[in-house]
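Below: one structure, written as structure tokens.
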């Protein structure tokens, strides 16, 4: 089980800001996870938007990063400051 | 009688920060008053220093300004801010 | 020092505590920001601010370290409120103490530019027309770019 | 608003009162200056500050009016202490409230430059070596000249 976080407007799309998930073994990268979750939530590409960054265990990463060993994966729309 | 004010380091020279004075009729201008007071206080030119400005009734003025009608004459060393 | 919390910020109390921690510093500059009553889409009822701990903290701490490396500062304080707020509530409080007031002004200014543009926060405004997440403003980016420009020009 | 007084300044209290007068302003920048413990001639025992009323007030009020004409400000407050003070005492407190933080920062900065260089005050430091009147510093003049340079360059 891995923790997935959806920040900002993404939580409106997913209906949750946080969930525990068993990511299928064939989903190996952050990029593949984006696509799989976008279909799962019927998000119409909201998770595919290139301005949405993915953080693995609190480090911003690229779509090529492996997700297998991650304990926390966060989807982050552009941050607007406070 | 006219009120004379000595600000900042000038009060160390004159020994007072404020006095009421009858200025002799022949002392007609601010410049003449400077010279007369410098002698009177044995101030060795402290009141003649060109950086010392004279204000008549709260208005900075020149040495040529008449002092006869002034109610308050102030001797002001350079202001250093707060 | 950094504190991110859902509790209300009492700017005056914080200033006095900061002042007593840095006695005789010379000068203290503070910025306190309030939730604005007016939004792009009408009058604000509430503002909701979301952080991602510890990423938000790490980013602000890096900005504080950057400010300390740029200016001779005796002390720095950043307080940021998260969660639900009302118009007029203090959302951010920054204080910088330095012997020279120029350093204190520049550091507070610099930290505010970071906090308003790059800090890891997401915010949602609720008005009579509903709630919407706020995207970054161009003017904020222009402010933040002042600091890097200084190095290259 | 301007107040010159021999009473101690409570910066935190003043900030909270200022904030409640300008609710929802967007941003408030404050500067509080403390009497420094070290002087050119050793450790400061006391600082004595002298004003010339109403000339001192008129000068500061003109600077406030100038700041209001340069930047869109919601409110401005200048407090200056006079008489005898000890190191660590707050000698000056400036607050500027504006919708845009850049205006609040610039106005507070501008007013401090005026207060530290052109304001009609005379000050005397007392140290173990005796008392002496302080003359203007060149660095302060350089700060104040920034504002006129902006208009001519």
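First chain written, first letter: the chains are A, B, C and D, and each begins at residue 1.
The working rule: a residue touches a chain if its C-beta (ideal position, glycine included) is under 8 Å from a C-beta of that chain, and two chains touch if they have at least 3 such contacts.
All values derive from a computational prediction rather than experimental measurement.
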Chains touching both subunit B and subunit D:
none
So, comparing C-alpha centroids, which chain is the farthest one from subunit C?
B
Roughly how far is subunit C from subunit D, going centre to centre by Cα mean, in whole Å?
23
Between subunit A and subunit B, tell me the centre distance in angstrom, where each centre is the average of that chain's C-alpha atoms.
78
I'd like the Å distance between the centres of subunit B and subunit C, where a centre is the mean of that chain's Cα atoms.
51
Using the touch definition from the top, which residues of subunit A touch two or more other chains?
none
Which residues belonging to subunit C are in contact with no fewer than two other chains?
33, 116
Could you run through all the chain pairs that touch each other?
A-C, B-D, C-D
In the complex of these two chains, what residues of subunit A are touching subunit C?
5, 7-9, 12, 17, 55, 58, 74, 76-82
Subunit C residues touching subunit A - in the complex, by the definition given at the top
33, 49-50, 52, 54-55, 58, 80, 91-92, 114-124, 133-137, 140
Complex interface listing, subunit D residues touching subunit C:
10-17, 19, 23-37, 87-88, 90, 99, 101-102, 104-105, 108-109, 112, 116, 143
